[in-house]
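Chain naming follows the written order as A, B, C and D, and within any one chain the residues start at number 1.
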Amino acid sequence: MNAATLIKRLPSRIERYSPALLLAAALLIYIAIALSLGLTRFLTPEAAISILNRSIALGMTAVGQTFAILVGSIDLSVAHLISASAVVSSAIMNGDPAMMVPAVLVVLLMGALVGTLNGLMITRLEVNPLIATLGMALVIQGCLASFHGKFGGSVPDAFQFFAYGVVLGLPFSLMVLTLVVVGAWVVLRFTRFGSNVYSVGGNRDTARAAGIKTDRVVIASHILCSLCASLAGLYLASRLKSGSPWIGTEGAYDLESIAVVVIGGTILSGGKGGIWGTVAGVIIFSLIDSIFNLAGVDAFAKQVMRGIIIVAAVAFYAVRSKRIVA
Amino acid sequence: MSTPSPAIEMRGITKSFPGVKALKGVSFSAYPGEVHALAGENGAGKSTLMKILSGVYRLDGGAVIAGGEERLFTHPLDAIRAGIAVIYQEFSLLPERTVAQNIFLGREPTRFGLVDHAAMNREARRVLSLFGSAHRIEADTVVADLDVASQQLVEIAKAVSLDARVIVMDEPTAALNEAECEVLFGLVDTLKKRGVAIIYITHRMREITRLADRVTVLKDGETAASFDHVPEPDVIVRAMVGRDIGDFYAAPATPQEIGDVVLSVRNAGNERLTNITLDLRAGEIVGFAGLQGAGRVALAQAIFGFSPFTEGEVKLAGKPALFTSPRYAIRAGIGLLPGDRKAEGLVLMQSVTDNGMLTARALSALAGKADATPFASTDQMDGLLQDLDVRAGSFSQEIKALSGGNQQKAIVARWLALAPRLLIFIEPTRGIDVNAKAGIYHLMRDLARKGTAIMMISSDLPEVLGAADRLLVMRAGELVATFERGVSEADVMLAATGEEAVAA
Amino acid sequence: MSQQTVSSTEAPGAPRSGRLPKINPVFFVLAALLVAITLSNPNFVEPTGYMNFLKRAAPLAILAAGQIYVIVSGGFDLSVGSLITLTVVGSSMLLNNNADATWWVIPAMYAAGLAVGIVNGLVVSFLRVPSLIATLGMMITLNGAAFMWSSGSPRGYLPETFRFFGRVNIQGIPLIQFIPVALLVLLAFGSCLFWLMHRTNLGRMLHAIGDNPRAAQMSGVPLERVRITAFVVSSLSAVTAGILLGGFAGVSTDVGVGYELQAITACVIGGAQLLGGRGSVPASIAGALTLTAIFTLLNFIGLPKPVRDVVQGVILIVAVVLATYRRNRAGGT
Amino acid sequence: MKRLLTAALSAALIASTAQAQQLNFDDPAEFARQRELLTARANGPDGEPWVQYYGDQMADTAKFKKEGPYTICFSNAGVNNAWRVTGWTNMQAEVKLHPEIKELIHVDAEGSDDKQISDIDDLINGGKCNALIVSPNTTAALTPAVEKACAKLPVIVFDRGVNTKCPVTFIHPVGGYGFGIQAGEFVAANAPTGANVLMLRIVPGVDVLETRASAAKHIFKEKGLNVIGEEFTEGDNAKTKSIVEDYLQRGKIDAVWMDAGATAVAALEAFEDSGLPLPVITGEDQQDFLMKWKAEGFKAIAPTYPTYQWRTPIIAAVKVLKGEPVPGPEWVMPQPSITAETLDEYVNDKMPPLHHAMCGCEKLPDYPAAWGGQ
């Protein structure tokens, strides 16, 4: 190992901790603002939980989006799938606790179906993932709108435990998200499928040459992505008591989940990144939100700054690379 | 030595790509415990044959017989399951993943369904230890952090770890120095003893002599010759080239033809280069030899401003020439034909004419007419392409359907339109068939005769020896030797590897 | 990887059988749709019918003609929708009910567009942020900026001098009775962009950097300058579309919503290759007209909005599948 | 097998959604009640509709009595359209009239239910608020959060409601049916019998808008008008104009009914640009429509969903914290229409085009500058 290679490997070490660096920066700003405004009650564990609680749906969606992006694809249909999941679950449950299980099953099945279709379009029909999932989004939106005026329905109180329940002093939803995150981490880190996701995202030809069925990996990643979105839809239905057909789009979960994933250091072309970066990204987003709320920034200025922050955060990773991007 | 039934047999393999018949009924076999060398010029069909064997391509006709039965490989996984492992010439490593992860790509050891990282690293270390302690590679290093030779060794380890019955090695020594080569040769011997059938692709005669039990030579997608023993090198070479070497290369430059210094570099260096001093003259073809990763391409890129020198002095025709981007270098009169045409040379979806016009247009005003640049009009370019005998259905067809030689000539045309002072050729004949090669050599000589300084980088040592007027050898980022025309291959290798003893 | 062997044999290039002038299928689709519209509504062949159609399609067509620059160069421009909003809101703020201010407000908006394009280009080229993210950030930022500037309620009306471009029809033209100014703007802007893309070095450079940026760089193409120009063209087209839309329909704060995806869709329907290297201005304009024609047709035959979404989604996917299929069949990898 | 299962499930799904459909926006009792309220007389001072109310049921607020100064918190669904912008400006100005208010903490949910729930959570956990005002993004979704807040402090809800009676009061004008009735009856009275009416809607599924449409359809049916189409414009001017142009190409339109007036001018321009006389139209109190109306003098009515209702929550909050009774649990306020007779009172070319004239803001501090007027 000579000096040149040492110099070369140094940046890649730093890079691995960049999401943590960003997170620390956001945290510091938050604390500084809270202290300077004398709002120490925003620095308690309860406040921390409430910050995390802000982003359950985004977190779930982003975990799924991480799979899609890592495998070298992308999913623009998540927002509409979230709406569809929320609407369908509340329509099926319609206040009846007995329908909870069937509703959850239908919604997850629907998610799996959407993911499969996305994956098939991308692998078998070789449609650019952006277009494939955008098309899927439009189709879902159309199907949803054709039910317009017919959705209604609401989830039974029992189902609201998902969003509002507290177990051992912690919000149940936060525990579910934690479970999803840890599950995703285990899958990515400790399963062959997880390795395959990185390999296929890193270089599809290499992965294929190594004997990996790349199409299956892409499809499976999309199924996971859609399942996560469906779960987020269920969570929102539970939180909002009913599903409305604009719930996913009004939260801009498609673009926000992508933004969060790339802020977490996963590169858009795939093969590099990970779930903890995404978690950091989600927390950063929540912190930004809380910082803005604390500082009383008005909604429009908030938007401006959010746009700049997304670009700046991604630039933070990208600016050192020599690769040409378009 | 060979047991009666072959470990792998390929019979009458044919394969076509749009517009190209790559294999025309090739048969090939390998028995357990033997090394069967597969020789042939670049583009003779060796890689295609091996990609069919490994399931990357599907054959059009013929049969692959493994373990006594006919197999149809539709996916590399099928080949792997049939016990066939391939060490590819282009690295198939994932730079962002660790050595161990790359070695066990797609078949990570698991425990209770979960990847057992400890076992994977342990196993990786075991495989890597085959290379001995001379070349230490840590199992948990990220591949991007390794040098080229180590990456090549990882690539080899990946194939070896498969415990395959057949291992294909596609030019495995291109990046290795002598000591590393010896490690590899020892490994081949070990594998042989274990009864593994090894298909060894190379065009280094030395390695064939050292390792092979049998030799097959491919040419133009057909079996040109097949030997059950290892014949004299010149027999193999003749079979590969298919004609006398005499008129293959153009005549060297006469002293009168060599003119003034075009490029002079003094004590220049950067991250990958140290203390480079050289002069390139008009009318002269200067060859650069060295192992992969020795800094030849880095030198070309430094002169071309792609990854510039950070120290020293460079002058082009007497003017300071430390360029910081290819664009500046091109403006000053330097051209470069990249080694990886597809990645760095061609814009594949554009027409042949557009590819030829690329630089002429790039140096003209953005709002200027695309069909008539100050350097060339499209009509002139089409004429130039015709003069260079670029064969295409039409010059307005997409260049990606053309053969490698024609593509290369289109890139040459790109530079001719600018009449550069210095033209750098990197691997000018890679992927080009024999007849077209001679055309490229003669083209280089014609350019030199017209007063261009030519810098030629090639991993094909005989080619550099035959085509260059002068030979510079690089090792580890430094220029280590200068040879005049007529030097022996052995002396060059000696300088390139820095070893004392070299087998002929 | 495969190239080496693919191209190995010096096949005497069995010349491709006859180079028939290839017509982009989008034109046939557009023609078929127009026939269908006429069948469902015979009034469409009247000047008011087709001129209204062209007038209404003009903003999207202009936007697509600009977007194709970025797509050919290998990127996306998601910021155009909010730039349209900014143009309309900003014009309203700057005009402040003063009809005489139009002459400088329009250039001012173009200057803003220029700045947006340059920033997009700089961020992508030098900060190496993928355009998808860079222009997404720009989209959010501009939208916020438009609202921040106007506090959510733009101050002035758009005077007739400003609305001239998007609203007025020039009467008394022989044969066709009248011609909308918006159509003239489309023709002028479209031919400019056609010329720039298909007749100048810039156009070829755009194709080159979208096709293979590394090769383009090694051939001396000024990557950054070309890329920035692409974003500038796209931004300027968005400002133009904004002026037409503001003229067509007056002030509102969400004029631009959704236009970015429609513009990309139009380009894709026009056969553009996402991630760069292939695309044409006339085909993108035709793509925009096709998209508008689809909406109009679905409107005429009284299909409800949900069906329209589904149809748009399906058409988008089918267009890409067909293009891929055609290319694969045409050979090459 | 899987396909079968999917088919079965989707059948079940359609069945259950069909059932859910019964929750329609067509409630005859409510329709009748609102029809009555439109002509009823409100309590309270004349000329100040923002403190007027129907009925006489009052909420007892003695238990909330507190010494000032007060911190009032406001969870806003968003300021994402011109109506809300005018309203929010009204509210800020109203605060200036009350020296006993120390601070108004405003949190903007940017149109997201999810975010608004978190916002309300943050506000009540912040412990700073003496009273909470909520303008819910969606009725059903915000109910649990509001219920949670009720347990901690006095809550005042306005604009859209919540499905709970726990807030001290819910401030709103007469309602969607009322809007629909006013507009529908005007069309019926002014268009020829059997006239062709085009109904322009914003988006489907929004309760306030659905009730407006259902009320109007009732009236049209009652009076035998011919509804030639019901189109969704998404509040987009360009789309509105295109839709109307397309309809005009195919036939005659006598009247245009709109569930919200934002794009009324665009609809009118479609007639102008097609060279046709302007129809009978229903708009809203947006200034650009009023200006056009004044200039062209067509037959029109502008029912309103008055933005002055944004002043009332502040007034109510102060009263509640002082322990004074307020109308409750519902505070229904008048919902006047602007007619040809009253048009001159509201039209004002100094105000921006998207300003909502029924703002009751003319005497508020900083008028007109804060509203963007000159």
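Quick note on the criterion: a contact is a pair of C-beta atoms (placed from the backbone, for glycine too) under 8 Å apart; a residue touches a chain by one contact, two chains touch by 3 or more.
This is a predicted model, so every value here is computed, not measured.
S.K.: By that same contact rule, can you tell me which chains touch chain A and chain C alike?
M.R.: Chains that touch both chain A and chain C, as defined above, are B, D.
S.K.: What's the chain with its C-alpha centre farthest out from chain B?
M.R.: The chain farthest from chain B, judged by C-alpha centres, is D.
S.K.: Counting C-beta pairs in contact, which comes out ahead: A-D or A-B?
M.R.: A-D
S.K.: From the C-alpha centre of chain B to that of chain D, how far is it in Å?
M.R.: From the centre of chain B to the centre of chain D is 72 Å.
S.K.: Rounded to the nearest whole Å, what is the centre-to-centre distance of chain A and chain B, using the mean of the C-alpha atoms as each centre?
M.R.: Between these chains, centre-to-centre, one finds 43 Å.
S.K.: For chain C versus chain D, what separation do you get between their C-alpha means, in angstrom?
M.R.: Roughly 36 Å, centre to centre.
S.K.: Can you list the chain D residues in contact with two or more other chains?
M.R.: Counting only residues that touch two or more other chains, chain D contributes 79.
S.K.: For chain A, give me the residues that contact two or more of the other chains.
M.R.: Where chain A meets two or more other chains at a single residue, that happens at 145, 148, 205, 298-299, 302-303.
S.K.: Mind pulling the chain C residues that touch 2 or more other chains?
M.R.: 1, 151-152, 214, 217, 305
S.K.: Following the definition at the start, I'd like every touching pair of chains, please.
M.R.: Touch list across chains, by label: A-B, A-C, A-D, B-C, C-D.
S.K.: List the residues on chain C that touch chain B in their complex, please.
M.R.: 1-16, 19, 196, 199-205, 207-208, 211-212, 214-222, 225-226, 229, 273, 277-278, 331-333
S.K.: Which part of chain B faces chain A closely enough to touch in the complex?
M.R.: The contact residues of chain B facing chain A are 54, 56, 75-77, 79-81, 86, 88, 92-97, 101, 105-108, 110, 113-115, 117, 141-142, 144-147, 271-272.
S.K.: Touching chain B in the complex: which residues of chain A?
M.R.: 4-5, 7-9, 12, 186, 189-192, 194-196, 198-199, 202-203, 205-213, 271-272
S.K.: For chain C, which residues count as touching chain D in their complex?
M.R.: 41, 43-44, 46, 48-49, 52, 56, 59, 92, 97, 150-157, 167, 169, 245, 248-255, 257, 296, 299-300, 302, 305
S.K.: Using the touch rule from the top, collect the residues of chain D that touch chain C in their complex.
M.R.: 79-82, 84-86, 89, 229, 232, 235-238, 240-243, 245-246, 249-250, 262-263, 265-266, 269, 273-274, 288, 291, 349, 352-355, 371-372
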